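Working notes, structure below.
The chains carry the letters A, B, C and D, assigned in the order they are written, with residues numbered from 1 in each.
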Amino acid sequence: MDLTWSEREQAFRAEAKAWLTANVPAEPLPSGDTREGFAAHVDWERRMFADRWSVVSWPPEYGGRDASLWEWLIFEEEYYRAGAPQRVTQNGIFLLAPTLFEFGTPEQQRYWLPRMAAAEDLWCQGWSEPGAGSDLAAIRSRADRDDQAGGWRLTGQKTWTTRGAFCTHLFGLFRSGPSADRHRGLSYFLVPLDTPGVTVRGFPRLDGDEGFAEVFFADAFVPDSHVLGEVHEGWRVAMATTGSERGLTLRSPGRFKHAADRLIAEVAHRHPAATDALIERVTGVWLRAFAYQQFTLAQVSQLIAGEAPGARSSLNKVYWSELDIELHETALELLGMDGQLDNEWSRGFQFSLAGPIYAGTNEIQRNIIAERLLGLPRK
Amino acid sequence: MDLTWSEREQAFRAEAKAWLTANVPAEPLPSGDTREGFAAHVDWERRMFADRWSVVSWPPEYGGRDASLWEWLIFEEEYYRAGAPQRVTQNGIFLLAPTLFEFGTPEQQRYWLPRMAAAEDLWCQGWSEPGAGSDLAAIRSRADRDDQAGGWRLTGQKTWTTRGAFCTHLFGLFRSGPSADRHRGLSYFLVPLDTPGVTVRGFPRLDGDEGFAEVFFADAFVPDSHVLGEVHEGWRVAMATTGSERGLTLRSPGRFKHAADRLIAEVAHRHPAATDALIERVTGVWLRAFAYQQFTLAQVSQLIAGEAPGARSSLNKVYWSELDIELHETALELLGMDGQLDNEWSRGFQFSLAGPIYAGTNEIQRNIIAERLLGLPRK
Amino acid sequence: MRFAPTAEQQDLRIAVRELMRDRCPSSVVRAEPDDPAINGLAEEICRMGALGLLVAERDGGLGLDENYLVPLMVETGWAAAPLPLVDSIAFAPGLLSHAGYSDGPDYRKRWCVADPAKRAETRFGQPAGLLLRGGFGGTGAVQLVDLDTAVRSHLAAMDPSADVHDVRGGQELAIVDDPVLVRQAWQRGVLAAAAQLIGLARHMLEMTVDYVAGRTQFGVPVGSFQAVKHRLATALLAVEFAAPVVDRAGHSMASANPGADRDVSSAKALASEAARAVGREAIQCHGAMGYTTEYDLQLYLKRAWALAADWGSASWHRARLAGHLGMSLTGSTPAG
Amino acid sequence: MRFAPTAEQQDLRIAVRELMRDRCPSSVVRAEPDDPAINGLAEEICRMGALGLLVAERDGGLGLDENYLVPLMVETGWAAAPLPLVDSIAFAPGLLSHAGYSDGPDYRKRWCVADPAKRAETRFGQPAGLLLRGGFGGTGAVQLVDLDTAVRSHLAAMDPSADVHDVRGGQELAIVDDPVLVRQAWQRGVLAAAAQLIGLARHMLEMTVDYVAGRTQFGVPVGSFQAVKHRLATALLAVEFAAPVVDRAGHSMASANPGADRDVSSAKALASEAARAVGREAIQCHGAMGYTTEYDLQLYLKRAWALAADWGSASWHRARLAGHLGMSLTGSTPAG
């Protein structure tokens, strides 16, 4: 065990902290799931990119700093500690980019990655379809081959596309081959949303923000250069992406440690309402956030030692998503009827309820944990 | 709603209370799951029978008082309030007897019921087999027809037979016909344990008492008169019994109300250890016991109005068994290291852990609730 | 001994249920506060005499008791009726009668909003002419205020259909400080809120069962997965063991049982927890579908959250119950 | 930055694990306290120098730190070794050195039992010659008592293999009241108990996975039911997120981190809860099999229950943690 930061890491932290202190907006931005809030968030992303903070762990040629995993964690810690805005580019940077790094051609990487880092292209994901939520293999949207034009024609519908109404590009799976085998015959497409034949319809979420969209495809043409990975192998490509979505990269411990610290501050603020039983719950929340942090430190150490997290990333997903709900439920209990008004905690609570559902429901994650980590029989 | 007791019911309560006050042993009996404790409990059962309190709801000709369901509940309330001994005859009186009343011939009823009420015959159940716990249809013990002798020859093994080492008779299912259909071809047998070919081997339980037995059958002969219900229809007959086991009759609210009241008394006794968070838990336990009581009152009212409880008895089973664990876990938390010593609470805790397992695991009960009460699809 | 509704109570329940299914579909819950459909619903509720349910016959009311209040509130809760029913039907009558505001046929039109915790906040205030301020916990005085003279401003809330307002000032019309009446009013408000939570919980559970039975994933109905079955069985357990406690609390109040306060707190604690638990399972079983405002689940969910926190949260009532059981908490248990 | 054991720590873990698998099978856990197999195990533990793990090299010890204590205790916990290891290896060394009881090679034979809460109660006292009384919560004085001169009587306990005794009197040999040493001894005891709970939890989980993978019901392995899978996934989550916190607490002590007390309380709270949660799922997944003393599960289960309650329960450490986080509980949080 060595829990000290190197001089280089300390310098990195100091630099990040200084930049964040100078640049984080004093007032919270409006919600990134509304149209004008999204625009404000994109401005923020571009400011980050201008000073090379938008994709710290990427190579410099794409706008990054080649930051190590530890430095990435340091940046995230400081980012949440500074109360900096939600990352509306996260679908691209945290979900699509790892796949591009792994499966993209050099041309694709050179073309897409800098535009993504600069928040010029704004990516949404197209996984879910009506009738296919966590069950990606049930996808029915089609990609028909157009040999003459050298590409594919997309037909079908995607739904639950987060912030789809404000984005410029979509990545997702389409059925390019016969559907006899549920896991074969899918291809992974990168689709500009201004492609003729693509229609985006936004609709509101539980928290009132217009954060979801349905996306319709009617014979929309995309060229071969927009297929990521091998044709018909989209399932395997997508699995790598969802692994990354569930994995370490999306939910840094900083987020939960920061929220738990805010909750403790709320206890002092609400002193008469903070009964012993509630204080015990707040303590429990802090403790789980602390545990999540220690788990992550151990996991990053393993990653750096070359061990892939594999199914262990399902442990992360279940843990942080249930922690996030407990954290916000406790906050609402502490706030009493104030918690029923529209505020940061009540919005966070509603947002947290999606945690166990998206990125593979926690039911599916528990199946994975039981089958792959504990070795229980599939059937 | 009419929550008043009639004069007759009040008189019944007064009589029961007076008898219990005069007769309940001042010192708790040794555990009924040890050999000498069992004998002491049988003495108590016989004293109850002598004054017609052992089977209050049965007809007078079998030793009862024709008590109504309300009077039965009153008796149970007073029984637990008086701290009277555990009923070691419960397998017979609460599980087998309802089946005898429903499926027994007049001869069988006249022969077996009074002997059971008098604690002359002491019944254990033979449901589980190695490899067949809650899955009764997986039973492999055989009953082979002996036409010449006018009866059946039993072969096989039963296990987890509570207090089997001390009982005189066993009831259970044996495979009398072809096993192609898992739910047909079983018959329900009444077996004296002194039948040649029957061997009983006791073994200890979690709480250290010798409360379980394995029972081996090697060509043990029982006459036709010892088959309950129709031959090959034992599954249907047994289902009626397990319905009764899970149902209202086994777990009266008095038991949990009394235990919750004892827990509250313990709080006063342990004042410095009773933190607010623990008091909240104790309150929650009392509240659940109260809810169980109200639920039972509503359920008995429906029964009296002629509505069979059906799958709703699964609600009882899950609720009381989880309540019982929570009650004892809370007590142990309150007792600190004292709770790790051998005492009434720690023994009750270990006993409570069996609640979600026996009489159909709570997993199976939840399946039943979901499928039969909520109408969710079986597959 | 009979723990079951009478035929009359059952008839009332059916009448309210039919009215709700007819006049309070989800489109009405979604409507703006001044929508004619909401006014129409309010008129129908007046017409059936519900506002006078607990008002003595000599004062022009129906002269019924809390055994009738419970089914009325369960059914209006099921529908998430966007009106101040807890305030007007349960909390107000005894106070208004005492203050002389229920004589003559005029009371039928008298809708009230309550602010027992004096948060300067009201919900569903659109039809109301009176504000009842104070009375949280069944103690203190309740001030009757002319709502039209108060300063009101809209507040953004989780439940947008609740029409929440910040309300300050207003002309005081009367003060009621009779401790028996204030306690009774509070207990009735708590009981009514608990009953509405039972209705809301049942509604969410019904919607979820329908959804998972119909929706297919991995080639089979979602409702055939054991994890989903067990979640919904647990949800049903919560409702089925809370509902009789609410019935019992109604009976204890109607029969002036000295344990009524204990029973009412028991009812609210369990009903709040049941509704929250059902809501939690409902949203998880619905997947992303439960997470959009286009689908109706959220209407009932948000109402349940608010009502669970209102009229004393589950924690608040547990602490009160602990006191009734002779155990005193050292921590404070504040209002609101 | 590297959150992982060093090669030396890993070697120690493997050595202890092999010793435990070899010399501490379940038959040894079941054995009577004076069984030669238990004495043999005690000798092997002495031989590997474990009693001197935290003793300075100049005093004849191994001079190692709490980063090594954790794996040692995880592995002995896994085996439910029926010896006072927490007491002798973790709690005692600093106190004994200070009192002059660790000079020379004799300390190797020195087994101690601890009674920090002064309950007049000891566990696994058979090999011990010394009793350490006091020090609960890391404050007050610790009395060193000659155990052979004390009055001892057997107590019946849930965990019969724990060899519980009521112990009174005995000749006082020394008093240690240096607050730094008492606090360190207490924290080490808590840390060691937490580590043993991690081992116990892992063992119970392994047994349960083996059982449900092999056992068939309704024609399929019990472990293929989704309800069973989800229970055991939840159990694994509890262990996997408690274990790094225990590692972290060991590191905080070893590096004299000012947050060590907070981290040690975090470790014990989470490890206690994890072991209890795993035990609960283990017994449910085993069905009636888990409920018999012939099967080994109960050995580890009862040890886990006792250890979760000992050295400060989860509640006790949460209350302490709340204090470290600047929130003070009003209720009392007593010892033992």
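Simple rule for what comes next: a contact is a pair of C-beta atoms (placed from the backbone, for glycine too) under 8 Å apart; a residue touches a chain by one contact, two chains touch by 3 or more.
If you're wondering where the values come from, they're calculated on a predicted model, not measured in any experiment.
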Handout entry: More contacts between chains, B-C or B-D
Key = B-C
Exercise for the section: Starting from the Cα centroid of chain D, hunt down the chain whose centroid lies farthest away. Expected result: C
Problem - chain A-chain C separation of Cα centroids, rounded to whole Å - result: 39
Practice task
Indicate the whole-number Å distance between the mean C-alpha point of chain C and the mean C-alpha point of chain D.
Solution key: 51
Fill in the blank from the handout: Multi-chain touching residues of chain D, meaning two or more other chains, are 225-228, 230, 315, 319, 329-331
Handout entry: Where chain B touches two or more other chains at once, by residue number
Key = 274-277, 280, 363, 366
Practice task
Report the residues of chain C in contact with chain D in the complex, numbered from low to high.
Solution key: 225-227, 230, 329-331
Handout entry: Residues of chain A that touch chain B when the two form their complex
Key = 275-277, 280
Practice task
Within their complex, state which residues of chain D touch chain B.
Solution key: 117, 119, 121, 155-160, 164, 215-219, 225, 227-228, 283-284, 287-288, 290-294, 298, 301, 305-306, 309-310, 313, 315, 319, 329-334, 336
Fill in the blank from the handout: The chain D residues in contact with chain A across the complex are 1-6, 67, 205, 209, 212-213, 220-221, 223-224, 226, 228-230, 232-234, 236-237, 240-242, 244-245, 247-248, 250-251, 254-255, 266, 269-270, 315, 318-319, 321-322, 325-327, 329-331
Completion exercise
Contacts from chain B onto chain C in the complex sit at residues 1-6, 9, 70, 264, 267-268, 274, 276, 279-280, 282-284, 286-288, 290-292, 294-295, 297-298, 300-302, 304-305, 315, 318-319, 363, 365-367, 369-371, 373-379
